[in-house]
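For clarity, chains are labelled A, B and C in written order, and residue numbers in each chain start from 1.
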Amino acid sequence: MGAGHTHKLYRDGASPVHALPAHCKLAAVFCFVLIVVATPRTAVWAFALHAVLLAAVAATARVPAGFLLKRLLIEVPFVAFAVLMPFVAEGPRTHVLGLDLSVSGLWGAWNILAKGTLGVAASVLLAATTELRQLLLGLQRLKMPPLLVQIASFMIRYGDVITDEMRRMRIARLSRGFEARGVRHWGVLAKSAGALFIRSYERGERVHLAMVSRGYTGTMPLLDATTATRTQWTRAAALPLAALAVCLLGWTL
Amino acid sequence: MHVPDGFINAPVSAAAGAVAAAAVAVSLRGARRELAGAGAGGGTGAERTAPLAGLVAAFIFAVQMLNFPVAAGTSGHLLGGALAAILVGPYTGVLCVSVVLLMQGVLFADGGLTALGINISDMALTTTVVAYGVFRLLVKVLPRTRRSVTVASFVAALLSVPAAAVCFTALYALGGTTDVPIGKVFTAMVGVHVLIGIGEAVITALTVGAVIAVRPDLVHGARGLTRPLELRASPLAAAPAAAPDRPAADQPAPVPAAPRRSARRLWLAGLAAALLCAGGLSYYASSSPDGLEKVAHDKGLDTRTEQHATADSPLADYSVKDIANPRLAGGLAGVIGVAATLAVGTGVFVVLRRRKAAAADAAPAVDAPAPAPAEQG
Amino acid sequence: MSTTAPAPSLAVAGLAYAYPDGHQALFGVDLTLRRGERVALLGPNGAGKTTLVLHLNGILEAGAGSVTVAGLPVAKAHLAEIRRRVGIVFQDPDDQLFMPTVREDVAFGPAAAGLRGAELDARVTEALDRVGMTAFADRPPHHLSFGQRRRVAVATVLAMRPEILVLDEPSSNLDPASRRELADILRSLDVTVLMVTHDLPYALELCPRSVVLSGGVIVADGTTQELLCDEELMRGHRLELPFGFDPRSVTLPG
């Protein structure tokens, strides 16, 4: 994984989408996904329109299609689930290419695939155009409890440090001729995991000392004064509003 | 197993979101208590919570990437809910796993944003609470040795994973967007997750064992176990000169053995009964779907075509139809009942523990100012 | 360097402490640092050096005895002011740099003390400037080299304008160039410095005066060159000079 304020999904850029404040984008993406989920599955064309909307955002943000599609692989386990549905669901059956399939199962599979894919694509776009720490600040501005934001930022800050430690432990194991090949080697791996926990916890205690030494009393000084202008909110709202129109059409048509 | 958007309908997602938000809010308070340690600097829970919970979350995040090879190129990894609950306590556990899920959803598009509540409810809340409940129960029942802690961790982790599957199935029954018979979902989910649970159990037990061998004081779930054995002196009684008299009895004294012994039998019996019930029910559940499907098939035919139009409407309700089969409905209710019992049991334990801990928790608070008079004077 | 200061930067008197588990680490430490002095705190592992450091800003509370920073006793009532006056640079910069970017990390201390806006920015720039890291203000700490991280860690503390700078093993894990750069930075500061170290040549290079802490008490206090040349003292407290290093042969600047 990446480090610091860049992570593996983030793509540096200067597009209008990159320039929007993180909390506007977060709110927009959340509303968009909510609307997608609420769109009736029978309105197949509506999902095509949703996809077009996302493609337009991706184009504005200059995020290449290949990058977006690659990331959709995260869905695979659920695709498997979806593929099974036509076979196991109930209801009237239909015959496609000699397979006996459930109609409702087919709809269910389509529903999950379409909504899941749009959801992942929207999240990927958000992560691709927003710096990690801006995302955290955005969550804070959206009134997520500050303590939770702090925990999340410590997780991000030290995720790399701890992953590095884990990698070094692995190299140490390899250098001593140990390579885990099966269940019988789990003991050694678990010892590493245990050691990793102890190191993480002790580091947490040291970080606490370092914080207290610099006057920390439980609340982070809030240094972030970013506010979004009306124009920025309007721009961010374009996506969910367009999606809402599509969704409403889907219900009425 | 991160649920994507669109898998569960909007109202149930929203309800799960509310449950998750409440759970996180409660955990934020609980974690302060759990993490208010007596370590260097004392410090109140509030100021220790962020760095310690953050580092534990980072640990869970990292350890989920640690591959445990199974055989022939396949490998599994830890989910971490049970491990977190046992190592740092249920509140911090829920909090850390929730933060990990939140970050995975926002940063890595892993798990839908609207499904965050569902993911937190089953993967953070259910696993952690069930694991901790089972763990505490077993630690109380079993003899007070390290081996017992390992055994308890094993069972706790083993049950926590299928418990998450049961929770998912229940959510699916309430708000699933496809009318797959609940019996099938249940069998598939629980079946697969029992297998995953075995791996989780082995890894969790080994990891807890590894930590307890080096730093038993760091294992939250074993605190009551190690302290009486350790015979630690009261923190200040040992301090030179300035030590105010705080009787060593302030430490959580070992609970008298006599009442426990009689209670232990009761617990064992109860546990055995619960396991028997659960076993019987799962047998029922796994043997019935075929029959169920037929019945539902015949019954459901007429209404089905119409339902498609409104299938996604917030009012679509498959659960009634799906639990048409009385045997399965009973079985499902039973399993949910066992899960609920476990949850309630855990609640009771947590409350009891908190009371007991109140005395101990007061200690660190007293710790800091206590020596001051000597220094100021 | 001012030699006649009204109140010493640091005055430790009769300090004793035992950990909650009963292990006693300090048995009556007496130590006074005049304003502007640079002093090395030497001692074998387990001598109680870290324990002593944690008393200086009230993270650990004295079991007996007292710690006074520029006339202000370390006590609960004014802990915030004490922690501003005593800047501790911990050994692992990764523990010290817990914020997402260098700028925020340097701003953390002054912001916790209530500074905001332009004043805060000026303070951050000044501190980064003194360690030569201004160009890295917006970088995440994880992306810096170890030496750079150590320098930023020093800046995080300088930003609080401390009365006394306490460094825990400042030269550990540094390559020779980073080591020299850090030495130049420390020499250029006009604050009181207490440097905990095993690196005896570094102590000799930077600190005119040294104290040896062993077994929880101060066993020697004098000019660094004298102490390092006292073979019996050195042997008695597990202090060893690097191979081929002769403190007598070193001519000290100024």
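Just so we're on the same page, a contact is a pair of C-beta atoms (placed from the backbone, for glycine too) under 8 Å apart; a residue touches a chain by one contact, two chains touch by 3 or more.
Just so you know, these numbers come straight off a predicted model, no measurement behind them.
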Farthest chain from chain B by C-alpha centroid distance is chain C
Of all chain pairs, which one counts the most C-beta contacts? A-B
How many angstrom lie between the centres of chain A and chain B, each centre taken as the mean Cα position? 24
Cα centroid separation, chain A vs chain C, in Å, comes to 43
Which residues does chain B have that touch at least 2 chains other than itself? 40-41, 51
Specify, in ascending order, the residues of chain C that touch 2 or more different other chains. 54, 59, 98
Residue numbers in chain A touching 2 or more other chains? 132, 153-154, 156-158, 161, 203, 207, 209, 211-212, 216-217
As the complex stands, chain C meets chain A at residues 54, 57, 59, 80, 83-84, 86-88, 90, 92, 94-96, 98-101, 104, 107-109, 111-113, 116, 120, 139-143, 156-157, 160
Inside the complex, what are the residues of chain A that reach chain C? 3-5, 132-133, 136, 153-154, 156-158, 160-161, 203, 206-207, 209-217, 221, 223
Touching chain A in the complex, chain B uses residues 1, 3-7, 9-10, 13, 24-25, 28, 39-41, 43-44, 46-59, 61-63, 65-71, 78, 87-88, 95-96, 99-100, 102-103, 105-110, 112-115, 177-181, 184, 202-203, 206-211, 213-215, 218, 293, 296-297, 300-301, 304-305, 307-309, 311-314
Quick check on the complex: what are the chain A residues that touch chain B? 7-9, 26, 29-30, 33-34, 36-42, 71, 74-75, 77-78, 85, 88-92, 103-105, 107-109, 111-112, 114-116, 118-120, 122-124, 126-127, 132, 135, 139, 145, 147-148, 150-159, 161-163, 165-166, 180-183, 185-187, 189-198, 200-201, 203-205, 207-209, 211-212, 216-218, 220
